[in-house]
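As structure tokens, here come the structures.
Here subunit A shows up in two complexes: once beside subunit B, once beside subunit C.
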Partner chain A sequence: MPHTVNCQIDHLSVNIQPGATILEAARSIHIQIPTLCYHSDLCVAGNCRLCMVEQVGADRLLPACATPVTEGMEILTNSQKVRHARKVMLELLMSEHRSDCTHCYKNGRCELQNLASEYLVQDGRFIDLVPFKNYTIDDLSPSIIKDDAKCIRCQRCVRTCAEIQAVSALAVAHKGAEMKISTFFDLPMAEVVCTNCGQCVTHCPTGALVEKNYIDAVWQAMDDDARHVVVQTAPAVRIALGEALGLEPGQIVTGKMVAALRRLGFDSVLDTDFSADLTIIEEGHELLQRLREVIRDKNPQVKLPMTTSCSPGWIKFLEHLYPDLLPHLSTAKSPQQMFGALAKTYYARRIGMDAKNMVSVSVMPCTAKKFEAARPEMCASGFRDVDYVLTTRELAMMIRQAGIDFLSLPDDEFDSIMGQSSGAGVIFGATGGVMEAALRTVYEVVTGREVPFDGLNIVPVRGLEQVKEAALTISSPLPEWGFLDGVTLKTCVVHGLAGAREVMKKVADGSCDYHFIEIMACPGGCLGGGGQPMPVSDHVREMRARAIYRDDAGKAIRKSHENPDVVKLYEDFLKEPLGHLSHQLLHTHYVARKRY
Partner chain B sequence: MNGLRELVSALAQKHGTRRESLLPILQGIQAHEHYLSDDAMVEVARALDLSTAQVYGTATFYSFLVTRPQGRHVIRLCRTITCVMHGKNQLLKELETLLKVRVGETTADGLFTLLETNCLGQCHQGPAILIDDEPYTRLTPERIRVIVAEYQQKAALESENSGLINS
Partner chain C sequence: MAPRHLMRLDLIFKDEHDVAPLVRQTLARGRDDIVNELIASGLKGRGGAGFPTGLKWKLTADAPGDEKYVICNADEGEPGTFKDREILMRVPEKVLAGMAVCAKVIGARQGFIYLRGEYRFLRAQLQQVIDGFHAVLDEAGLPFRIEIFMGSGAYICGEESALFESMEGQRGEPRNKPPYPTQCGFRNAPTVINNVETLAHTYSIFKYGAEKFRDLGVQDSRGSKVFSVSGDTPVPGIYELEFGMTLQRFVEDFGDGDTKAVQVGGASGFCVPRKRFERTIIGYQGKLTGTSLPTGGSMMLFNSSRSMYNVLHNYLEFFVEESCGQCTPCRVGTQQLLRGIEGVKRGELSSATLDALLDLAETMRLTAKCGLGQSVANSFASIVENFREEMIY
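Moving on, here comes the complex of A and B:
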């Protein structure tokens, strides 16, 4: 087999590894071929036919995304024939697509619309089929809206739900002209196994799947002078928000984001990173408690491995698919919900505000957070702990609506009391981050020494590999933790629910001996969340991850238990980890849900 | 529900639990139940470790699998051009008056569901219909009346017999 293949694209020579597609070969020499059903995260479907190219000497056009290059191939991507085919394909797609672009949530950010404008698709030569179709809109989910009239049936969502998440809440149903993307019996997304992760939303090229937005509700809350509106921002928002406002991926825009939030009118601008640190304290102590009960007290009721509970998509996934394994989930709430519970209790008291006049908003990289905030048990403060959840994308829209020139904003700082964070809180946004943050704290609690990794960087749990493992042997612990002497703490880190499913199968059949597993529903962790700017790819996720670790490295405080706001919270209010108030405000329970 | 679970597990035993077993299992259920209920699809998903949406997708792809209750016998009338030219429309009219249903509906006694289908490959002897798995060709309004009557008589006889056994 030759080492490389030579071919010509638009009369330019390309030399590429065998098996590469025409699309890849073209991109390697910076020739753009339009695509719709193709996505670098997913397997090739080849159904939209937009990427058709001409092979010199052949009659039929070839789909560039699905055709491997062969030696000596001569490809034209911009011939008369190709241009004509593209336009016809677009017109055909649009004949079934409700093109009321000016009323569409995706207006200006739609791949189909962009292509239509690029190729000057004007009044079509095909009959508009939309009036003949019985399209429905499903807006019953708190997270995701599905509008079949905008669907071009490229199946990126179906492949996402199957390949990345192994959930397949969406599948292809019916055939021919009736073919559609459907849940089981076309039930509302809110009634099926959908985890609300929003990966289908970040992979949808049109407005068929979008987040349910709460922009107007938040504006309204801020317009009401009687209301004190508190906002928290998740770790992964600050490293991705810039992408939606004109920056390259991988920029840390914390200061500008805080300034923008203040300009928008939020009364207190606070940080979910603070409650991420708090999560580490509570979850870390829960892990230690479980280790004590299992290893020292041999209590068969207590379950190991313990898994993290910050990712609401992951939680709902487990509730549906493995309800028997729910006792493995840490009872610690996610940082968003810990924050919400404290905002309307501790924080309200500290600033002398009546909690009933407070509105609590969060900005999250996540659509499942909208569902999490709406869970009935999330009212620990006596009110809804988090009233509205905005995605990173929605925040970017609000910043644009407010006419703020984001890039020229001066850096600003979070408000006090619940605004400080450590580097450990920051890395929550990346896969492996919670594990790393927890180990930094747990190891130190147990031994009194810093975790034995160069510069506190626990590199084995970092990176985009689907399943990562790390082991850490504990030697000469403090007397209280004597039973852990010589114990090797085995940990596992997974991102994407397809991977989570594999690991949980092992937990179920007892074929793994982990103590602690971090699971994030989305690829890359929260930085690749369903509420993040589009487009996404491994490259984008990689750049965001680098930004997160840069942010961590630059922090004066790198360990959660050294966060002064957290220390003060325990002194003044909570008293001790896993204490009475913690249980009331910071821990939760889960419900078994039907898989089918 | 329990009977369903047993039926599905028997079918899974026979055909296996791999993805390619899905179709024969669905066919087996339909042969038994005359349609694929949501409960049945849930059982199949469980047995094959698929999502219910995936099972539903396959079930709705095939015209000969149905997800709503149907009559005991399904009449499929060819609606393709050759049969139309051979007098399909007259045949349809006859069937609709005879059975007092329109295409897509089931008779009040639950005996017949009337459907249309694409070409049955009997174009040289149209108009053609399919009753369950049985093709009937070169039909005329007169002949279809006889055929329908035969099915009705057979059903009446069966119910009489079962009545006798029961008493």
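Moving on, here comes the complex of A and C:
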């Protein structure tokens, strides 16, 4: 077997590993071949037929994305035959697609539109098929809008939902002209197993799947002088927002983001990182409590492993698919909802504001957070704790609408009271971050010493591997935690629900002995969330992760329990972790849901 | 009225009473011996694509893998084709014998018959024959079992890779090729998939020898072929004929005296107008003089009372519905062709639209993922080019 394969693409020689596709070979020498159904996160479908190339001597064209190169192959990517086929493919897709681009939410960010303009696709060769179809828009979900008229059947969403998430809320139904992307019995997305993670949205090339946006509602709230609009921004927003505003992936734009939020008209600009630290305190103590009850008290009612609960997509996944395992979920709310509950209680009191005049907005990397904020449990303050959830993409849109030249903004700082954060709060945005943050705090609570990792960096839980494990043996604990002496704390970190499913199967059949599992619904954690800028790929996620860890390393405070705003919150208000007020405001319960 | 000129053959449907001994005898032969005989016979697949059967078996035998499968494609979905049903009703044991020999050659322990959903009525009878046949295999010492898998009525599931998907419990959508089934088929294992008739022919070859089979037919098209004759003919039905006849001879035997066109190979085949009958030879596309046609064996005759617009409209409706819908050229292209000819017929689109549609059909041929979308151009171009006025007026 030769170690490389030689072929020619557009008369240029390429040497590439066996098994590589024509597309990969072309990209390796910087020849771009247009694609639509291809996505580096997903298996190859080969159904849009846009990437067709010519093999010298062959009659039919070949799909570059799905054809492995063979020795001596001669490929043309820009012949007359190829250009014609490409254009016809685009025209056919446009004929089936409601092409009212100027009214489309994806206008300007649509892959089909970009290609149509690149290849000068003009209207009219084909009959507009849209009037013959019975297209409907499904906008019943608080998170996602599905418009079949914009769908080009590339099945990227279907593959995403199946391969990355193992949910398959979206699937292909019918055949021929009737073929469509559908749900179980074509029910609205809001009524099926959909976790609202939004991965389908970040993988959709057109406007067929988009987030439900709350931009106008937020403008309206800010326009109303009688209302005090508070905004919180999640850890993963500041390292990705730049991408939607012209920067390369991996730039930290916290200061500019804060400045922009102020310019947009938010009255208090606060930080979800603050409540991420708070989550660590509550969730960490819950873990310790469970360990005490299981290890010391041998209480069979208490479940280990405990799993994290900050990813609402993950929660809904568990509610639908493993309702029996709900007792494993930490009762701690997500940072967004802890923040929301405190904004309209603690914060309102501190700034002397009547909570009923407050509007609480969050900016999240996530579409599931829109659903989470609308859950009936999430009214601990007596009001809806979080009124509107915007994605990173929506915030970028508002910044553009407001005519703000983002890149030239001077850096600004979050407001006080709920605006400070530690590096531990920052890394919440990456897979493994919650685990790392929790271990930094839990280990210290138990032993009085810092976690035994160089520079507090718990490297085994970092990175884009789907399932990561780390073990930490506790020795010489403080007297109160004597029962943990010699105990090896076993942890597991998973991102993407396909991985979560595998781990939960093990939890269900008892074939794993973890104590604590971090699960994030989205690949890479929140940094790869369904509300983040597009396009996304492993490279982009890697760049964002690096930015997050850079941010953490640069922080003066690296541990949640040392966040001064959090310390003050406990002193002045909550009194103690897992206390009465905490239970009222910061913890929640879950509901078993059906599979359909 | 019986066909006059064409010699009818009686190979496939001939009652043979020696299946068990023949199977034993053939299974005792060496693998290479069997494969070489098949290759020498010149047998090509009767399911549509015409791939050399001996080579298919050889490639699968040589492919690495412990698990291999033999699948008999009995999905028979091509409009105007009903010969596989007849073979399975009358001589099923020949098909089973072919599968068993194939299993021995490639090293398969499990075989399947993918039976068209509409042929459910055949199932019980076929199962009985299979049960009896298993006893023969046990005697012969071949650890091989055959199971029936019921299709559900989608035409596309006759396409081999869609058929595997369907058997695996997935949506019946064709896969990307390569890899081909010989390397990566059912359950990603090397798989021989053959048409019912192809397998039945292997029986004749093992019985009478490659030489005899090769003597029949011409050049690239050897042996006999079972034809499903329908349409404007006084003698519709199933006929086994030798390859290599001209369409003229065929029409003389089967036409009603007023035949204006014959659709050869079903909806995905070609339409031949009267003026071309003499020059058209029935066989695989190869180096024959005149035009030659691939054939799954469907021959639909149309007389002058038929509107070729209606014929084409009917085929296009079939494709619009039976495309699996995954790839752009086929899913959207078929709809454009159908709406396009409707628009021309109604006078809403100019007749020049037909040229744009011909171009589209050609682009579909070049770009579609599987044989379905690739072959829509066959009937479309041959009907539109030969009967252009009928499309317009």
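Note that the second predicted complex is superposed on the first by the 596 of 596 C-alpha atoms of A that agree within 3 Å, B and C clash if a C-alpha of one lies under 4 Å from a C-alpha of the other, contacts with A are read in each partner's own complex, and residues count from 1 in each chain.
Convention: a residue touches a chain if its C-beta (ideal position, glycine included) is under 8 Å from a C-beta of that chain, and two chains touch if they have at least 3 such contacts.
Note that the structure is a prediction, hence the values are computed from the model and not measured.
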Contacts of A:Ser182 with subunit B and subunit C, given as first, second, both or neither: first
Contacts of A:Glu571 with subunit B and subunit C, given as first, second, both or neither: neither
First (subunit B), second (subunit C), both or neither touched by A:Tyr596: first
Which of subunit B and subunit C A:Ala169 touches, first, second, both or neither: first
Contacts of A:Asp225 with subunit B and subunit C, given as first, second, both or neither: neither
Which superposed partner A:Asp509 touches (first subunit B, second subunit C, both, neither): neither
Which superposed partner A:Val192 touches (first subunit B, second subunit C, both, neither): first
Touching partner for A:Arg153 - first (subunit B), second (subunit C), both, neither: second
Partner chain(s) touched by A:Leu92 [first = subunit B, second = subunit C, both, neither]: second
On subunit A, positions contacted by subunit B and by subunit C: 172, 174-175
Subunit C contact footprint on subunit A (complex, rising order): 44-50, 52, 59-61, 63, 66-68, 81, 84-85, 88-89, 92-93, 95-96, 125-127, 129, 132, 152-153, 155, 172, 174-179
Subunit C to subunit A touching residues, read off their complex: 154, 156, 171, 173, 176, 178, 319-329, 331-336, 339-340, 343, 356, 360, 363, 365-369, 374
Of all residues in subunit B, those that touch subunit A in their complex: 38, 41-42, 45-46, 50-57, 60-61, 67
Parts of subunit A lying in touch with subunit B, wherever the complex brings them together: 167-175, 182-185, 192-193, 595-596
